[in-house]
């Protein structure tokens, strides 16, 4: 399988922050990244230590949310530079990977 | 913790493509990979730019789906070589990792 | 964007094992990792080859579950050393990444 190098990004936020719609719009319209997937966690905690969880008896409206995308390394570097101010430290993780071409 | 090197793979498709059953069967029966997990995204878009999302009012039948698995590097390289024709460019991401032994 | 090096960890278990609560508690109280997110898969199989899946007609109580967290490399190495006995081989995957600071 032929591949090219990409940078994977995972941005950690919570549903309550309401950042998803704006982020999807920027990644789609402004940066035209080739693909984005959003996942909802069923439990989690952040730097505050406060637990966010869901259960049948206790539906939380502030579940963890992960925005995942990847694209060529230079493009991602530019995107992350512009997004840096939108997220607190410790919320944007990235690493090198390869994608089929 | 003792570890060995593995390659992680994430394959991005959508529920509407109906590839999941065949892929799980191949990974399980033909390739005997040591483990596979399938995740469903709550929103996303691909190269087409078309948004796939779910909401209480608008249940989509074409949500993003990620098939994740890992195994030894040589084994994954063989599997990806055989699977290359099954997926469009930009849908199979892989990277190096370590797993406990 | 300024970053520091971290190790990402994904621990694969199933809901039926009931390990989640204990693990979240240890990661939160004992190790004070800066963030943990738990994801539930919609299908999967492990080394046993037995398929775990959910469908509208067949709600499984043993779906795959992934506990994901990241922190500085030395800290994660210590945590994994202590957790090694809690998980069978092939269930704790880790790799190097970067996080915004």
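Think of it as A, B and C in the order they're written, each chain with its own count starting at 1.
One rule holds for everything that comes next: a contact is a pair of C-beta atoms (placed from the backbone, for glycine too) under 8 Å apart; a residue touches a chain by one contact, two chains touch by 3 or more.
The structure presented is a predicted model; accordingly, all values stated were derived computationally and were not measured.
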One copy, chain A, sits on the other, chain C, after a C-alpha rotation whose size in degrees, in steps of 5, is 120
Taking shared numbers over all numbers used, above half giving same and below half different, the chain A and chain B interface sides are different
Taking each chain's mean CA coordinate, chain A and chain B are separated, in whole Å, by 18
Residues of chain C that touch at least two other chains are 39, 95
Chain A residues touching chain B in their complex are 1-3, 6, 8, 20, 24, 28, 32, 34-40, 65, 70, 95-101
In the complex, the residues of chain B that touch chain A are 12, 39, 41-47, 49, 51, 64, 66, 80-81, 83-84, 87, 89-95
